[in-house]
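Got some structures for you, see below.
Each of the two complexes below includes chain A, the first together with chain B, the second together with chain C.
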Partner chain A sequence: MVFYIFRRFVNYFFLSMIATCLAYIVSSLALDPAAKYYGRNPQPSQQTIENILNGLGVNPDVPVLQRLWDWLVNIVVHGSLGTGVNGVSIGDQIISRAGVSLRLLLIGSLIGAIVGVTLGVWGAVRQYKLSDQVVTYGSYLIFATPTFVIGVLLMIGATALNGAAGMQLITFTGEYSAGLTGSWGELALDRGIHLLLPTIALVLIGAAGYSRYQRSVMLDVLSADFIRTARAKGRSRNSALVRHGVRVALIPMSTFFAYSFGTLVSGSIMLEIVFSFHGMGEFALNAISQNDINAVAGTTLFVAILILFSSTLSEVLYAALDPRVRN
Partner chain B sequence: MSQTIIEPVNDSADLSKEPLLQIRDLEVGFQTQHGLVPAVRGVSLTLYAGQTLAIVGESGSGKTTTAQAIIKLLAGTGKITGGQILFEGRDLAGLSDKQMQDVRGRLIGYVPQDPMSNLNPVWNIGFQVEEAIKANNVAQGKAAHQRTIQVLQEAGLSDAEDRLKQFPHQFSGGMRQRVLIGIGLSARPKLLIADEPTSALDVTVQRQILDHLGTLTRDYGTSVLFITHDLGLAAERAEQLVVMYKGKVVESGPSLEILANPQHPYTQRLVAAAPSLASRRIQSAKSDAADDVEIFSGGSLDTTLVARAAEREQAAETADLIKVQNISKMYRIRTKGLKYTELLAVNDVSFAIKKGTTTALVGESGSGKSTVAKLLLQLESITSGQIEFDGQDVAGLKGAALLKFRRRVQPVFQDPYGSLDPQYNVGNTIAEPLLAHKIGTSAERQARVRELLDQVSLPWATRYRYPSELSGGQRQRIAVARALALKPDVLVLDEAVSALDVLVQGQILNLLTELQTELGLTYLFITHDLAVVRLVADNVCVMQKGRIVETASTDEVFDSPRESYTQELLAAIPGGNFQFGR
Partner chain C sequence: MPNKNPNAQTHYVAALEETPVETVDRLDESQKARSTWADAWDAMRVRPSFWISSALILLIVIVALFPSLFAQVSPTQCDLGDSHAGPEDGHPLGYTRQGCDIYARIIFGTQASVTVGLLATILVTFTGIIVGSLAGYYGGLLDSIVSRIGDIFFAVPTVLGAIVLMSVLPERTPITIALVLSLFAWPQIARIMRGAVLSARNSDYVTASVALGVSKFRILLRHVVPNSIAPVIVIATVSLGTFIVAEATLSFLGIGLPPGIMSWGNDIDAAKSSLRTNPQVLLYPAAALSVTVLAFLMLGDVVRDALDPEARARR
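Showing the complex of A and B:
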């Protein structure tokens, strides 16, 4: 079992490495780091620009594979992801921002998965009943709505709620209220309230996807022979479905969890911007708009590591749920 | 085997009592888009305490639906639309879900058909037995654990205590069936419904398990409702028979009486076609009076087959078409980490087949017989040895030479549901090999399809139909037609009739025999069913654990089997002890 997980981890590790290297090459070829200096007034001399680019390790005159090699060596030897165009170390910038994004992503995807799985099981057991129809149409509606629209709609709803209550019940701009002082608890509560709307948006997106898949897998399992046998043993319908159905139906879902995590990451980038969170999403967008190759590569590495861990986690889940793959 | 038949003393005492189960005019229907389709139409039967009653019928006859209606676990949209199911005088049809829950398991145990799909793959065996014990409140907590071990030991798993934490995939089919029997009997129910409990198992395992089930139910005084498609099995295991056909009971009464003197035409055909019984009759037809032959000529194959057998015996001493010498096949199986163990699936196997004859390869599942077929068909490569076809070494053929070989040696597989592409209509399916080998023009291929459909006795109109619209027997005819499309010399029939009902099985065997004479085909017939072998094979190779343990002519094997393993296989054929039809 441990060996199985380890083997999968190594597998995913190399996949992440390849993905990151490809991202570095693509961003190096597509982005033009010198462009922003040509637009300056007074324009810096050619030599100055060359020096800056060389200092960042993004000079387009150096072959791209050579630059990739230098970048990798720098990571391995100095543990550094290079410096951004603003002169600050990419590693430091990511560390200061990662917490914001991870808080949103982990809470959102976890609750989204739980809500989605529950709704899927519920929908399968009550197939074609009113509650199933509501969940089905609701999830299609969310699927069809762009992430930022969901965010904006939630903001409008929250504003209306605040107006109706006559006080600031839900605050949603930024991660915390600027200048707020107080005890540790008060600060945590403030952050929690700020996190509410983007988390709801992420949960909605996640749950819409999970519930559809969980419903179809569960429907397959419902007609399985062992469910009938469990009922023939004397179990009630519901206990047979929960004890025998859900666990089997979760097995393919654990794989889906790993794949959908990537989608959630991109969804959360949009949400961070809508809700003015200074997280990795904003960082990634700024990096691209500023032609900051090191920052784009660093962001890709960050996401690759997230996906590496979520994939490995899904393998652990798979092995925990299905004894047949353990040896 | 006689020990499994409950002594008549038992039930004569019970006959005076109230029946345990009495079904009156039961009607069950399935709701479809085109309205309610009846599956069970007015079935009545009576089962007394301590008795065993068997419902016999082909697939689709409504026997399983009847059984599932009793415990009200009908599949899909099925529902009881009329009649009564009186269990100890109480009408189960009118009970609520909650009340039914109390009946299931505690009063009526259920042993399902397929040991592979009826145990949940993700829970260990101990859990799955214990939940039955707990759900019926037989015992709780530590006592339930003890009871679990006891139940499994009684079901024949002597090392139950060590295996509680194991999962279904670590058990063999026979072991799983024992677990399911243990679950069915765990609460000591008054009635046990056993729905084809052994049809997925080898004959020898089947015999052990049914013997064991017989002993257990006799000890506990449990009544058994036994569902089977196998007439021989039913006669052997039950004192009362109910024959179902198209949702109706066509005949019922004491087993021996029905088999000795079937009244309904369907029962007569069933008795005549059952190969386990026919395997004895071929013998008698040869030596005994000719009236045997006449009685059964309606649906049986005997007369023609006997004549053919005689013809083939006189067949000229031709050269061997297929010569297999000392072939072995080794598989590497990954165990833990990077380690492998080696499995010798086929171990030093040699045999030869003469042109125009049939050689049967017989053995239990896992004996390596299907692997031999794959090796011969060049679907897998041999590890060592030599395969000669028509004087040419074929092992390791590639490209055009392999394609040429494939033209002459064609397979027919077991599962007619799985071996036909559901997206291809019949005409395209049969024409596909011609297309793959680039033979003929479109019109010529059409003509060939017509000829082939004719040969397998299917109407020309069938060509536009899809596999889902055909019965199992029709599909297997299509599979045979497809195999014949390239005018091969050899057909490798891998369990080609095992998935079919007895009557259909008889038709396909008949067809194969006719085609053999007509086209001079050579068959390698792979089966686990010795009864079928008697009908079609000239020579038999018995396989056990990758080796051929006995090679002889069919008559020799059946009349004087040399190896104890062969004797075991023969003894395990259900219904072998009965004298039918007189």
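Showing the complex of A and C:
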């Protein structure tokens, strides 16, 4: 089983590396890092611009593959992702921002998965009853609403709530209140409250997808013979559903977790922007608007590593749930 | 096991009374065989959600084609004096910050949003069906390449990839947006088509066609593709909605359609600044978008149920 997971990990590793290299090539060809220097008044000399571009390793006169190779060598030898157009190391910028994004992403997708699986099982057991229909159309409504609109709607709701309460009950701009001082607990609580709305939005998006998929898998399982066998040998309805039904239905779900993780990453990027979090989403957008090739490549590497880990995790889950894979 | 029971031999053939002759006789062989699609149509037309979603989609398409039939007010003649004014006679939804009529802007914005969705869906479906069926049917090197390309695209979230490409496009029109979105979305359809073709490739009817001497490519065209296309149709219906959402997302980030083109995404983007004072400006175009996407999702749901014999039996 360890070998199986290792083999899958190596497979995903190469895929992420290829995706990152492609992103490097595409952004190198598409973005023009010299543009902002030509727009300056007085314009820096050609030599100065060349020196800056060479220093960043983004000089368009050097062949793209050569630059990609240098970039990769720099990662392997120095553990460095290069320097951004603002002169700060990309690695340092990502490290200071990754926590913000990961906190939202991990909490949101975990709660979303739990809520989604629960709702999906519940909906399948109560198929076509009113509660199932409500969950079904609720998740369709979430699918049909762009992520940023969900975020904005939650903000409008929170503003109304704050207005009704007559005090600042839910704060939602940025990751923390600027200038707030106090004990460790107060600061943590402040960050928690700021995290509340984007997390709710991410949970809604995740749960909508997971519940639909879990419901359809569960429906297939419910009509399977082994559920009837479990009931026939004397298991109660609930026990047969949970021990035999949900366990089997979770096997295809573990693949779906990996498949849908990219959607959640995009969703959390949008939510970071809506809620003005200084996370990887803002970093990616700034990188593109500032023609910062190293930053775009670094962001892609970050996302690729996230997807690498989530895919491997889903393989581990798969192997843990399905004894057939282990041998 | 048969050795243990001397009478086991008789159990290999079903007793005659288990398959009554009348059942076989009742089959009318002169009648035309019913296709999956005819069965699916029978299953769909009894569901209200099929008619509701179809009517909505028809209405949306008509609005997109002939917006001036639905709005007499010009969406571009705006008077700053009307900025954020409430609803009044002839202007049922009130005014935007720029003093434009919200209702007229929604009606005239339909065209761009629906065009992006339709165009991207058509592109993705055709590419996905062609690539997926060739990969699944012929296998080999082509299959490996297509699967790996799909896996690589899988590691790049669509919106992130689209952001990079959109920000460098020299011209942003509904057509270029549709092209960019479909570039990242076709591997999903190809993957589904490939899976369906793989399972159809070894069916009895394919073997029968081979025995009859039909050429390999003709079998793919006449038998395998029509029998594998159902899951793709379902995903295509759903992805039409997601493309409309993606257009709005890109416009919200300021890298979608240029402000000169009216679209729901641009209207939502423009409403960002007046969120605190007048949230309706954002809510109405967002609602129009959600209703449209919801209609396609509902249709996809009905079509999925209708094309799946097991789901039909469960109802």
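Simple rule for what comes next: the second predicted complex is superposed on the first by the 327 of 327 C-alpha atoms of A that agree within 3 Å, B and C clash if a C-alpha of one lies under 4 Å from a C-alpha of the other, contacts with A are read in each partner's own complex, and residues count from 1 in each chain.
In this section, a residue touches a chain if its C-beta (ideal position, glycine included) is under 8 Å from a C-beta of that chain, and two chains touch if they have at least 3 such contacts.
Bear in mind the structure is a predicted one, so any value in this text is a computation, not a measurement.
In the three-chain model built by superposing on chain A, chain B clashes with chain C. Contact with neither chain B nor chain C is seen for A:Ile90 once the two complexes are overlaid on the shared chain. When both complexes are overlaid on chain A, the residue A:Arg324 reaches chain B alone and has no touch with chain C. The partner that reaches more residues of chain A, of the two candidates chain B and chain C, is C.
Once the two complexes are laid over each other on the shared chain, residue contacts for A:Ile49 go to neither chain B nor chain C.
Judged by the touch definition given at the top, the superposed model places A:Arg247 against chain B, while chain C stays out of reach.
When the two structures are aligned on the shared chain, A:Leu195 is found in touch with neither chain B nor chain C. In the overlay built on the shared chain, the residue A:Ala224 is in contact with chain B alone; chain C does not reach it. Of the two partner chains, neither chain B nor chain C is touched by A:Leu154. Stretch 202-210 is the one among 202-210, 310-318 or 490-498 where chain B clashes with chain C after the superposition on chain A. Shared interface residues of chain A, touching chain B in one complex and chain C in the other, are 223. Of all residues in chain B, only 71, 73, 75-76, 97-98, 101-102, 104-106, 109-110, 112, 114, 117-124, 131-132, 135-136, 167, 169, 180, 183-184, 186-187, 335-337 touch chain A in the complex they form. For chain A in complex with chain C, the touching residues are 15-16, 18-19, 22-23, 26-27, 30-31, 127-128, 140-141, 143-149, 152, 155-156, 159, 219-220, 223, 259, 262-263, 265-266, 269-270, 273, 284-285, 288-289, 296, 299-300, 303-304, 307-308.
Contacts from chain A toward chain B in the complex involve residues 3, 223-226, 228-237, 243-244, 247-248, 251, 321-324, 327.
If you check the complex, the residues on chain C that touch chain A are 148, 151-161, 163-165, 167-168, 241-242, 245, 248-249, 252-253, 268, 275-276, 279, 282, 286, 289-294, 297-298, 301, 310, 314-315.
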